[in-house]
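Same chain, two partners: chain A is paired with chain B first, then with chain C.
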Partner chain A sequence: MLNEEKYQKLKEIIKIYLPEDVAVTDIDQDSHFMNNLNINSANLVDIVLDVEDAFDIRLENDDMDQMQTVNDAMAIIDAKLAEK
Partner chain B sequence: MKESYNWIMNQLPYTAPFLFVDEIQYVNDKGVEGSYRFSPDADFYKGHFKNNPVTPGVILTECCAQIGLVCLGIYLLGQKTALENLGIGMSSSEMEFLLPVFPGERVTVVSELAYFRFQKLKCEVKMYNKDDKLVCKGVLAGMIGVVNE
Partner chain C sequence: MNRRVVITGLGVCAPNGVGLTDFTSALLEGKSGLRHQPNLEKLGFGCQVAGEPLVKDNLIDNYFTPLERRGLNATGIVYGVIAGVDAWKDAGLEKNTTDEPSWDRGIIFGTGILGVDKFREAIHLIDEGNVRRLGSTSVIQTMASGISAYLGGLLGCGNQVTTNSAACTTGTEGIIMAYERIRQGKAEIMLTGSCSDSGPYVWGGFDAMRILPRAYNDNPTKASRPMSATAAGFIPGSGAGALVLESLGSAQKRGAHIYAEVLGGEINSGGQIGEGSMTAPNSIAVQRCIRNAMTNAGVEASDIDVINGHLTATTKDGLEIENWSMALGRKYDNFPYINSFKGSVGHCLAAAGSIESVATVLQFKEQVVFKNMNCDDIHPEISKLISDSCIPRETTNHAPKVIAKASFGFGDVNACVIFKAISKE
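So, the complex of A and B:
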């Protein structure tokens, strides 16, 4: 899967959980889920669960702790896909 | 004799007038069932509604959450952790209300685990009255975990 394709897929997931005061166009690779996109910890879990389904991977607690930004999420997805 | 769930009751971070669990009928890895009787003396009946006491939907939701999420969460966590610094918070609730619950009624909450991952617990809950009629149902989620020092 191309990086761009992965990024779009991830963005589609994030979009669902954005609060009303944050627009899809506000998402970029450096966005911090909680600080920039105002996503709370409960919705971050939903994002992780959707990412697991979308990419057919499984994240662990450590991955969750490391997943602070969109870039972090991309790196984790890459690593998990490489393990497969 | 029924298995004792006192250890779960003792871990509940609520007390009167905001404890809405009397008894746990069963709890396992997949769900929980518990019951509560709404005391006719509860303060909220004085105002909801004027001269026509009916249990508020938010209180029914709270009862569903205390039994369906918190009791289950404590059970799931308590099997492997010491629960000294329990942190909890409801994160979402989507409820439908079908029948009124009047002062003094006893209700039973049945909750089925949807998932418990990364400290987020999500359940499908149903509340029944003494005639086994569905009172309300919905999906509740919350964060529950042991807070690190």
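So, the complex of A and C:
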């Protein structure tokens, strides 16, 4: 899977969790889920589940703790896909 | 502090109509919301008839964001939010868009059990060893106070936000609790109501108790027969009703439309003593509840011209009429008009008291007494106590002055509230 394709897929997932005052165009690779995109911690749990479904992978507790930014998420997805 | 309390907003999501317009015309015409339920047939239920609000998907979009809709599997929350938000708008109130909670506005919105389908989802995942897959909304959709929490967030209320639960008295109890809070000066505006989930997991227990009629699966609109000689048990239902209660001062200041005044009420229990039990009412307590409600409201028995009963269409309907008759000291032709909406709505359990109170209050606006369904054959026990003319079988033109509404529930609990027409002084 191309990086760009992965990124778009991830953006699609994140989109629905954005609060009203944050636009899709505000998402970039360095965005911090909670600090920049104002996504609440409860919804971060749901993003993890959506990522698992979309990429057919399983994230462990440590992965979830490390997933702070969009880049972190991309790296974790890459690592999990490589393990497959 | 003894302030007057009025009703300024109504909202409803009922088996026979979603929204005030549809609900009102259904009540005027006696349109039934009771239908044969294929899923209950598939599951081998004895009673396969139930009342469930028909909520269209695009209607839900008006109340929930796409994010809120994801994984939303609690029908009670859907019904409660529709009714609650509608009542708020009907009262001419806006959602709070400021940075400060509305300190003088609160919510008492009851339920019996919430998010049953969501809970089932969670149970399956947990039993599969997959607790990590529950997602973030499992708790908020299944906690009893989920409904008041959802509404509290939507409306930005800063006063008491809570959920009451007292079986089938829940909705009526909530009105009295909200009334007392405003009367005591602790709040200016309270949204009160109740909701009940749909589905086999809510209704199954009643089917197992063999208290639901089994002979009407092919004839669903005839199945619920309050006060009828052929009453064979209640038809379960679901939905939500909501009322905005407000201090008279606040309502006048806003120039709000006033439906009626809440004069007062009473909540009590029969202690499951004497003839009272977990499932049967103690008549002494029922009569006392009605009498105390009148005292608290400052009305005489002779002031009441309309009653909306609990009247579920079981063998206990006759006993309920006897209790009303004893409490009021009125019988035969001297008895007020009495109706039950369960003939067309079913028994919406925790939502019953609020859906029926919305209907009760609409009678002031429409200046009618809504008809009773399926009781052309009035039970002889009831005919011995009150005149048949007290039980309108057609919607009757009559501008109600004082209406008593009661609900009774499992656990031998009772609630009675007194509404009064607003005088045009």
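The rule is short, and it goes like this: the second predicted complex is superposed on the first by the 84 of 84 C-alpha atoms of A that agree within 3 Å, B and C clash if a C-alpha of one lies under 4 Å from a C-alpha of the other, contacts with A are read in each partner's own complex, and residues count from 1 in each chain.
The working rule: a contact is a pair of C-beta atoms (placed from the backbone, for glycine too) under 8 Å apart; a residue touches a chain by one contact, two chains touch by 3 or more.
Keep in mind the model is a prediction, meaning the values are calculated, not measured.
Chemist: Figure out whether A:17 sits in contact with chain B (first) or chain C (second), or with both, or with neither.
Modeler: The answer is second: A:17 touches chain C but not chain B.
Chemist: Which partner reaches more residues of chain A, chain B or chain C?
Modeler: B
Chemist: Would you check which partner chain A:34 touches, where first means chain B only, second means chain C only, and both and neither mean what they say?
Modeler: A:34 sits against neither chain B nor chain C.
Chemist: Touching A:75, do we find chain B (first), chain C (second), both, or neither?
Modeler: In the superposition, A:75 contacts neither chain B nor chain C.
Chemist: Between chain B (first) and chain C (second), which, if any, makes contact with A:57: first, second, both or neither?
Modeler: neither
Chemist: After lining up the shared chain so the two structures overlap, which partner does A:45 touch, if you call chain B first and chain C second: first, second, both or neither?
Modeler: So A:45 meets both chain B and chain C here.
Chemist: With the touch criterion stated at the top, can you tell me which chain A residues are shared between the chain B interface and the chain C interface?
Modeler: Residues 42-43, 45-46, 49 of chain A touch both chain B and chain C.
Chemist: Under the touch definition given earlier, write down the residues of chain A that touch chain B in their complex.
Modeler: Result: residues 40-46, 48-49, 61, 64 of chain A touch chain B.
Chemist: Sort out for me which residues of chain C touch chain A in the complex.
Modeler: Counting only chain C, the residues touching chain A are 66-67, 70-71, 133, 135-137.
Chemist: In the complex of these two chains, what residues of chain A are touching chain C?
Modeler: Touching chain C: residues 16-17, 42-43, 45-46, 49 of chain A.
Chemist: In their complex, what parts of chain B are in touch with chain A?
Modeler: Residues 91-92, 115, 117-120, 141-143 of chain B touch chain A in their complex.
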